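The two complexes that follow have chain A in common; it is paired with chain B in the first and with chain C in the second.
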Partner chain A sequence: MLLRPRYEDIAVIAYHIGKIIVAVSLCLILPLLTAFVFQEKAPVFDFIIALGSSLSLGLFLMIVFKTDKELRWMHGMVIVSLAWLILAVLGAVPLYLSGHWRSFLDAVFDGMSGYTTTGLTLVQDLDHLSMSHQMWRHLIMFIGGQGIVIVALGFLTRGAGGAFKIYVGEARDERILPNVVQTARFIWTISIVYLVVGTLLLGGIAVLEGMPPLRAFFHGAWIFMAAYDTGGFAPQSQNILYYHSFLFELATIMIMFLGIINFKLHFTLWTGNRREFWRDIEIITLSSTIIFTFLFVAAGLAKADVYPQAVGLFRKGFYQLISAHTGTGYMTLYASQLTQFWPALALVGLIVAMGLGGAMCSTTGGIKALRVGLVFKAFIQDVKQLMQPETAVLVEKFHHIKDLILEDRQLRSAALIFLAYLGLFLLGSIAGMACGYPFLDSLFESASAGANVGLSCGITSASMPAALKLVYIFQMWLGRLEFVAVFTLIGFIMAMAKGK
Partner chain B sequence: MGRQHVTGNRQQATGYMLFFACSLWLVACSYCCFAQPISSTELIKNAKEYDGKRVVYQGEVIGDVMVRRYSAWLNLSDGENTVGVWVRKELLPQIEYVGSYLQKGDTLEIEGVFQASCPQHGGDLDIHAEKVKILARGYKIEEKISPLKQRWARNLSLSAALLFACFFIREKRNRWKRRLKI
Partner chain C sequence: MHLYKPSNIVKAILLEFGFAFLVLAVCFLLTVIALRIL
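Now for the complex of A and B:
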């Protein structure tokens, strides 16, 4: 029997959503300052409108629904799923006001793509977009990659009461430190340190490659934000191809790798335990799947003779593959080249890589290495079991930060999410085909949206049907939150309508 | 008889001349057709056909002129896509404006060899320029601020400030109440 939520439930949800909105909307101050620094007058008003509307909504919810009631798991899940939707809409306000998006739906698409670190975009004339709007696009990617709840926990919450329940809703069920607020602050600390180092590295390379220092600095910061948070937005329409630099490609590959590592593993590395890196099941799985999928891509490209020279094959093939596997979506070629010149085998390699994704508790999307590793281990265990006498009991172990025993409970959860992702990719593919696109292109774009990657074979454009835009928005949202929070929201809405 | 022979020779010579002129005209025509600027979409879509051929491409200089030792990278946008152009320094004209938020970049016409997968630049799709010409100078773009936006910005700032004041006062009052209870 479904129980109809009471007013207190709605109040708890609304109050916390208000808090998250206020915390995230304060981030609008950064692009506003950028507009002042670069003397961009029109964007100043865009950001004042966005800041005013977001703060008003957040404060209104906090005043009207003020409550001290404890959070329950259901509240946490509904808060997270609703907050991501509302923030995508609010984040779209300054984008739409810039005039570079054809409709508000297109701006919401980019808002969701940014927060979920997908990187698919419907922007028009990106090369003439203001510096402040560029700052906002990349900042929402950074905020989304860290997790919007992490933003709220890092800045607004003093106590940890109930906070873990919202934190888990964001597909982060691993606590690095005993206290979830400390965990949030640790994630912010390492991200800020990496941001400074990464900006200096990329900015330095950009200066070496001929860019003026100020622009190089901003490009360095933006590219870092989008690469580390495995997002994929870039300040120029050619994406990473704009820089025509091998060094830049190498640096972004390194940063994308940093982005797919579990924050818990970052913590163990920071504490000096370097041996841990090569023992972890996620790193072993990631290394294996990268090699496996690259074989597909390289074999396909070599057979079709797309890049006659080995250097070209490696630079283009490996970069696109790493970008796909890490869920970043950076490209060093044109979207239409993928469908026109890349053979099906290479595209399948990219699709598989996109679906697999990076590590748990990282900024990446997709099925995730831990789940893939566990399913594979279970498969091996079953084969081993068949070879043993029937009375023998085999115990399979794996190493993830510590030695663990493979249990049915973990396996069930991994297999369920695995299947849910396959269903999600199928949904987008069917929608793409229903809109008249070929099967492989539809599957490619759907995997890219559902796994929050951002590589495009050309379907994603302002001229695609509005229904498909909505499907991709839904896929990005569902893929980022890993289903549970969104399904809880659906259950909550059903309980509101049909509950007793 | 002799006159007829001379006339026949003349006619033959005229025929040859005509044939030669026609051939020359056809070659010139084909050259002119080839010298027509090609759009970026056409280049990217038919990259294999244009690979290694001389092409003419026009576009606005976008972002930065990235000088690398003896050459430079320009990124030229024709409104459909942006294509990278590799130019030797001595061919590089004085670029005054590059396309950005407040600037329309200089429009260039370049003639050069198109590479679908450039062996010199790690498989990039690019053009190695051999002739560069400035077609139009860029200019500064005037910002237009809509009065409606200004009004909305004022009203929403006011609403946020009022709500913040309400929130702040209530929080203070609650804190006082808690202290009094203690």
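Now for the complex of A and C:
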């Protein structure tokens, strides 16, 4: 029997959503300052309007629904799923006001793509977008990569009761430090340290390649934000191809690798325990799946003779593969080249890589290495069991920060999410085919949206059907939150309508 | 609040970059083999 939510439930949800909106809205100050510094008059008003409307909504919810009621798991899940939707819409306001998006739906698409660190975009004339709007596009990617709840916990809350329940809703079920607020602050610390290192590295390379220092600094910071948070937005329409620099490509590959590593593993390394790295199931799984999927790409490209030289094949093939596997979506070729010149085998390699994704509790999307590793371990356990006497009981172990025993409960959870992702990719593929696109292209774009990658074979454009834009927005949202929070929201709405 | 030694942070970054280089090197080797065989 469904129980209809009471006023107190709605109040606690609305109050916390208000808090999150206020925290994230304050980030609009950075692009506003950028607009002032670069004397961009029209964007100043865009960001003042966006800041005013977001803050008003957030404060309204906080004041009207003020409550000190304890959060329950259901509240945490509903808060997270609704907050991500609302922020995608609010984040789209300054984008739409810039005039570079054909419709508000297109701006919301980019808002969702940014927050979920997907990287698919419907922007028009990107090369002439203002500096402040570029800052906002990349900042929402940085915020989304950390997690919007992490932003709220990092800035607004001190010892928040029940905060862990919201944190888990964001598909981050690993607590790095005993206190969730400390965990949020560690995630911010590491990201800011890497932001400084990455900006200097990328900015320095851009200067070496002949870019003016100030422009190089901004490009360095933006590309870092999108690469580390495995997002994929770039300030130029040619994406990473714009830089025509082997060093720049190499640096972004390194940064993408940083982005797929579990924050908990980063923490272990930062505290001096470096042995953990090579023993961790996620690192072993990631190395294996990257090499395995690259085999498809390399074999496909070699067979089709797309790039006759090893260096050329490696430079193009490995870059797109690692961009797909990390869920970043940076490209060093045009989308049309993927469909026109890349053989189906190589595209399948990219699709599988996109679906697999990076580590848990990192900035990536997709099925995730821990789940893939656990499912693989379970297969091995079953085969071993068959080879033993019937009375033998086998225990399978794995190492993830510490030695753990493979339990049915973990395996069930991993297999369920694994299947849910496959279903999500299939749903998007059917939608793509219903709109008249070929199967492989539809599957590619669907996997890209559902696993929050951002590689495109050309379907994603302002001229694609509105229904498909909505499907991709839904996929990006569902894929980023890993289903449970969104399904809880659906249950909550059903309980509102049919509950007693 | 945890304090992290700068030397540990530098070593962590080097280790993570080292991992990336290792995967990169293996994949380059695979590229050469793929071109030879196919």
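In this section, the second predicted complex is superposed on the first by the 500 of 500 C-alpha atoms of A that agree within 3 Å, B and C clash if a C-alpha of one lies under 4 Å from a C-alpha of the other, contacts with A are read in each partner's own complex, and residues count from 1 in each chain.
By our rule, a residue touches a chain if its C-beta (ideal position, glycine included) is under 8 Å from a C-beta of that chain, and two chains touch if they have at least 3 such contacts.
As the structure is a computational prediction, the values presented were derived from the model and not from experiment.
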| item | value |
| --- | --- |
| Chain B versus chain C as contact partner of A:P213, first or second or both or neither | neither |
| Touching partner for A:L55 - first (chain B), second (chain C), both, neither | first |
| First, second, both or neither for A:R274, with chain B first and chain C second | second |
| Contact breadth on chain A, by residue count: chain C or chain B | B |
| Which of chain B and chain C A:L258 touches, first, second, both or neither | second |
| Touching partner for A:K66 - first (chain B), second (chain C), both, neither | first |
| First, second, both or neither for A:G499, with chain B first and chain C second | neither |
| Partner chain(s) touched by A:T332 [first = chain B, second = chain C, both, neither] | first |
| Partner chain(s) touched by A:D127 [first = chain B, second = chain C, both, neither] | first |
| Chain B versus chain C as contact partner of A:G423, first or second or both or neither | neither |
| Chain B and chain C contact sites that coincide on chain A, given as residue numbers | 308, 313 |
| Residue numbers on chain C that touch chain A, as the complex places them | 1-2, 4-5, 8-9, 11-13, 15-17, 19-20, 22-24, 26-28, 30-32, 34-35, 37-38 |
| Of chain A, residues touching chain C in the complex | 177, 182, 185-186, 189, 193-194, 197, 253-254, 257-258, 261, 266, 269-272, 274, 277, 283, 287, 290-291, 294-295, 298-299, 301-303, 308, 310, 313-314, 317-318, 321 |
| Interface residues, chain B side, partner chain A - complex | 44-45, 47-48, 62-68, 72-73, 75, 77, 81-82, 84, 86, 99-102, 117-119, 121-126, 143-145, 149-150, 152-153, 155-157, 159-160, 163-164, 166-167, 170 |
| Complex contacts: residues of chain A adjacent to chain B | 38, 40-42, 45-46, 48-49, 51-53, 55-56, 59-60, 62-63, 66, 97, 127-131, 209-212, 215, 236-238, 241-244, 246, 306-309, 311-313, 315-316, 332-334, 336-337, 340-341 |
